[in-house]
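By written order: A, B, C and D. Residues from 1 in each chain.
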Amino acid sequence: MSAELATRTREFIRETILPIEDANYGDIEAAGGDEIRVKMQQAARDAGVFAPHVGVEYGGHGLNMAERAPVFEEAGYSVFGPTALNIAAPDEGNMHLLAHLADAEQKERFLAPLARGEVRSAFAMTEPAPGAGSDPSALTTRAEKTSGGWKINGRKWFITGADGAGYFIIMARTSGEPGQQGGATMFLADADTPGITVGRHIPTTDRSMVGGHCEVTFENVVVSDAAVLGEVDRGFAGAQIRLGPARMTHVMRWLGAARRAHDVAVSHAARREGFGSRIGDLGLTQKMIADNVIDIAATRALLMEACRELDEGGRASNSTSIAKTFGAEAVGRIVDRSIQICGGLGVSSDLPLARLAAEVRPFRIYDGPSEVHRWAIAKRAVAAAT
Amino acid sequence: MSAELATRTREFIRETILPIEDANYGDIEAAGGDEIRVKMQQAARDAGVFAPHVGVEYGGHGLNMAERAPVFEEAGYSVFGPTALNIAAPDEGNMHLLAHLADAEQKERFLAPLARGEVRSAFAMTEPAPGAGSDPSALTTRAEKTSGGWKINGRKWFITGADGAGYFIIMARTSGEPGQQGGATMFLADADTPGITVGRHIPTTDRSMVGGHCEVTFENVVVSDAAVLGEVDRGFAGAQIRLGPARMTHVMRWLGAARRAHDVAVSHAARREGFGSRIGDLGLTQKMIADNVIDIAATRALLMEACRELDEGGRASNSTSIAKTFGAEAVGRIVDRSIQICGGLGVSSDLPLARLAAEVRPFRIYDGPSEVHRWAIAKRAVAAAT
Amino acid sequence: MSAELATRTREFIRETILPIEDANYGDIEAAGGDEIRVKMQQAARDAGVFAPHVGVEYGGHGLNMAERAPVFEEAGYSVFGPTALNIAAPDEGNMHLLAHLADAEQKERFLAPLARGEVRSAFAMTEPAPGAGSDPSALTTRAEKTSGGWKINGRKWFITGADGAGYFIIMARTSGEPGQQGGATMFLADADTPGITVGRHIPTTDRSMVGGHCEVTFENVVVSDAAVLGEVDRGFAGAQIRLGPARMTHVMRWLGAARRAHDVAVSHAARREGFGSRIGDLGLTQKMIADNVIDIAATRALLMEACRELDEGGRASNSTSIAKTFGAEAVGRIVDRSIQICGGLGVSSDLPLARLAAEVRPFRIYDGPSEVHRWAIAKRAVAAAT
Amino acid sequence: MSAELATRTREFIRETILPIEDANYGDIEAAGGDEIRVKMQQAARDAGVFAPHVGVEYGGHGLNMAERAPVFEEAGYSVFGPTALNIAAPDEGNMHLLAHLADAEQKERFLAPLARGEVRSAFAMTEPAPGAGSDPSALTTRAEKTSGGWKINGRKWFITGADGAGYFIIMARTSGEPGQQGGATMFLADADTPGITVGRHIPTTDRSMVGGHCEVTFENVVVSDAAVLGEVDRGFAGAQIRLGPARMTHVMRWLGAARRAHDVAVSHAARREGFGSRIGDLGLTQKMIADNVIDIAATRALLMEACRELDEGGRASNSTSIAKTFGAEAVGRIVDRSIQICGGLGVSSDLPLARLAAEVRPFRIYDGPSEVHRWAIAKRAVAAAT
């Protein structure tokens, strides 16, 4: 079923979504933001490809991680595709988190409308220096216990999709001090809760995510005890549920984008002539094409290994770190080589390559920079040998 | 004298030009295009750093290639700097070409006002496929002999600075057929010559060059015999004069930009904390910083070798190919690592790094893609061993 | 069953084979050549790990490709391991070929004793320039039809295991001219057939294969029609059967060797101190360790993808090319980083790393150099886009 | 004069030394050790190329660092060449140290015979873990003050040239504890001083250095006050004199070896055919050849920058670290690509490439591993930005 859904997704993306992306040079806000999102999602519903990842009870197709991979990759072939299928970050990861951690009432109130695409959400974790960034233990946003609830104060930034989100999942410190492990709690809060202010969009190189990457401040934000998602003081542990799968769906989507870049480049190389030959028959171009093929295959193979481990119930910390690190770097290389293959056209807007390069660049930083993943991978290896 | 001029240029750029660049996010058209160019050039004249490369008789400082290197690098520290000093491409290369190849009248009419910054120029060589691109022998633009002059027809693109240029140096085929070596001639033509049409700006990732990278058509453009620059049918040979030095001044300028990116990143790493340490003291960051330092040093060292060879009168085909190829790739790596060091900030407009990455990316393609240079370098090596 | 066999193989290799390898610095001839082979194979039989790949009817465990992978990898952990289990090149690939292509009599006479380890074999394909090397169509060795048989003349080199082999599979041209595709036939010939001369061992950097890489000449070697393996003039097509699986078992074995190098290095890094810290806690070492872990995981993931494709009956030309190319390069990088992690000890014989580097280096060349595989991969990609 | 001496050295090496190297597969002990050294040095004297680096008063040519570079590179073209010219490590560095730091009597007794090639020397610094390795402050060998002299106790290893050396320069701790900066002193001691024992040769991958890399123990070695080289407790500072230049002469020599590998490969590529073309005309080979050319040029350019800085009296800590790190890695890449270009022959002893790979591999570790240099380079960069 997954293969068939992947094929249908492939057709839907190429026929319906890519034209919208290209007409707007991959800028979702320029394309209409939430308005185009709603339109594209309706088209996805009509095409029977909407929400492949959520349970049938929420109107989805209930695919496991391994089954998602080819579908998400096809969706990612257009940078607007994940939004159309309602599998874009951060909503897709938030749905996963809620499905595993929310109580019945929270599911009804927060997960159901999110799964149906009626609302968007944001995951408010990252903070400006010296707060929680690559190192989550630096968390400074605080939630104080009040009678019957909590009062949250703090500043966040790089909060994807914050502008226009219906609600936030807020990570706040409920015990301990910045620099200490643990002591965090996740809270669900409607966006119109008093004290929540969405500030400026931080202007980053990617343009495909509705609602931007925003600064958000929480000033005496009062929520009830029912707002706690999971357990008090166990917020980091709870967020782990989201972590591994979210890394992998990132890789799936971005791999799709890389494959599009590669296809554009190979198609160019197959048609253009130079130095008395097709460009694609020149050895130095062949080197780049082959390296792209290898990078695509290796990313996909590592991804599938990690997905199978997740589907078997494992935490897959190491294998998702490996797949994310390799994948993020491979995707960058693939797009870069694709540009190089196309020469001057490659750096122009006449082809989508330059903007794809800008779109994928942050992937080596978001969701843990390569350096942090390598550090974690090495620590595990050394610990195992000690 | 070169060292002193470099120091003065350094101060001028940091105090006067960088603020203009940063306020406009490195977009020269947004900053005012030719208007800001004129203003910045006056400031450079006032600071005594204008036109370091042209002869004293034209108001310059008469530096040779090796002397130019540190000055141009300091100018390139801001992507607007080369324009301010009147050493931006393509004008700087055109001045070099005219100084060596133009007759007295051409020098008076074309070189002198260009050197003084009163006018801009364009070098119309590159053509859309299947015309002259990386492979110049594919040249299709034709100049037919008429009595007393020539009639030029053809299409060009990626003509840097074409929009607003006062005149063009046009490469056109005067004998032979596309695919054949030789048979080209260079012509000087005022921009308002009937039949010259500047079309759209090709939207590329770089934003610092006044006048864009344009499509230009020549339709029955009539010029006199006096318009021939150098010798008839010897246009490619003539353009060689421009080639090696223009490659090296490209490296000088872009190395400056890379150095700025590195400085921004190291300054960030020296101040920010993470994982209980300064970021700049973490081994995985140290790796990136050291690799940047090595890449800067190696680019500069290769550049100086080639400059000395040019100053001694050599053609320096191989050494300029080597320095250009290594330099263009090193510059890309340096900016990319600088982004990575700065994390989320690195891909945002709060730092200049992401736009510097977009600015330098085309350098691996402009002036001969790395693949064409490698091909030429290898051919020479194999020929020497045969 | 495969997992259990892998575990048993792991124990057998570490307890029984590694000590023999290390005592002889990985040099199989120094260790006794065929004599030590026979001894180790008996030990493997006793441990129940002999011949995991051949059918139960030949005394093996009948594993398919995907099942072989973990077992072969454990065997490869010692460079003597594959010989001990009778899964070393070229015998292992030859068994695969015979199992698929030989008739009943050939199986009885050639496959059965090979599977039991009673005899060794060689695959005589590669020729000195200008003959068949990376480009098989250059094949010059000829077999002329005689009444009732064939007469073979030609020169081969780099024939692995030739010295001491009981028989040869000889690739010879039966029609067409060197440079033409097709026209080759495979022949089975006992080593003592008149006219077969095994010449010198070409001294290569690897030392673990019994029987060396030899020069072999065929001078009027007469074989009967029953010696034809597969079909006349269809030798290249027949050899394809061997090609993909042989590539993958190469990767399995060498991946085991790389893993050993990595284990040695991590163990060193976990125990040694320097600069006030364990070496394994220094960021620049962590980078190398993490890159090793990633390379091991990616090689294994690509390998498994290709194995599954082969097990499903596919030719898997592209996926085995990809896995071989990536794997051979990854293995080289892993061993090289392991050396670097261990410093001066790494380049000494006090650790096995330097000889492992020498052992794995040819893998980027044997079984098709990386460049030939990349060329084939790119050709397929461009053809698909045409 | 340097250019002329380089040319003469080039001829001498190719005519006289390379044949000796190749006949002995680059193994100096197999070639006769000190006996062949004496013979080759006499030939060098006869050819007027002996000792280019030492002062005229010691029978040398008195070249400064920049002048040495091309001569040493030509000498390094054969791995026996530096020994022939008496410019091999560690003698060459020791001469440099003695010329700068020794008093008149020490010069007479130790420098003069060393410069004339009558004796060899060793620099006894490196210790087994947990002693002084990459981190010199871990120095554990101790010298205790006695009346009129010192008594030295400790263990060293990887002492190049120790077996057969006439004397040692011993680094020993005269104050402070292992882990503390400073407190070291250098002592000159004849090899036959009681208590000095040269142990086993550590079997490393390089084979060109007379006297091996040995374990050495000092047991109650008594020397007089006149044995102190430089100042007491200032041994590390004194050794700095040797450090920068020794790094650069290492690069010079190894660059010569890399150039030979490259020449062998290009010559192969220019003559061999494959896939209907010369190998050297295939794009994927051209890539490797061009990368070799670029690596050679960049190494040489960085080397010359550092040499000029040294010749102007600078410490050149950073520029020699950069040139050493880049050069050691580039040399490794060059030899590795050269192997790949030559295919199966490349990993055989029929070409010198495989042994050159083994010969140059330790260079990334000796004289400070790349990681330690990168760490130092980054520390300087971050400190400058703080």
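By our rule, a contact is a pair of C-beta atoms (placed from the backbone, for glycine too) under 8 Å apart; a residue touches a chain by one contact, two chains touch by 3 or more.
Chain identities (UniProt): A, B, C, D = Acyl-CoA dehydrogenase.
Because the structure is predicted, anything quoted here is derived from the model rather than measured.
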Distance-maximising chain from chain C (Acyl-CoA dehydrogenase) - centres being C-alpha averages: B
Pair sharing more residue contacts (C-beta pairs) when B-D is set against A-D: B-D
Chain B (Acyl-CoA dehydrogenase) and chain D (Acyl-CoA dehydrogenase): spacing of chain centres that average the CA atoms, whole Å: 42
Euclidean distance of C-alpha centroids - chain A (Acyl-CoA dehydrogenase) vs chain D (Acyl-CoA dehydrogenase), Å: 52
Junction residues of chain C (Acyl-CoA dehydrogenase), two or more chains touched: 282-287, 374-375
Touching residues on chain C (Acyl-CoA dehydrogenase), where the partner in the complex is chain A (Acyl-CoA dehydrogenase): 263, 266-267, 269-270, 278, 280-281, 283, 285-287, 289-294, 297-298, 300-302, 304-305, 318-319, 322, 325-326, 373-375, 377-379, 381-382, 384-386
Chain A (Acyl-CoA dehydrogenase)-touching residues of chain B (Acyl-CoA dehydrogenase), taken from the complex the two chains share: 126, 129-130, 133-135, 138, 157-158, 179, 202-206, 213, 272-276, 282, 284-285, 339-340, 343-344, 346-350, 354, 357-358, 361-362, 364-366, 369-371, 374-375
List of chain B (Acyl-CoA dehydrogenase) residues in touch with chain C (Acyl-CoA dehydrogenase) within their complex: 282-287
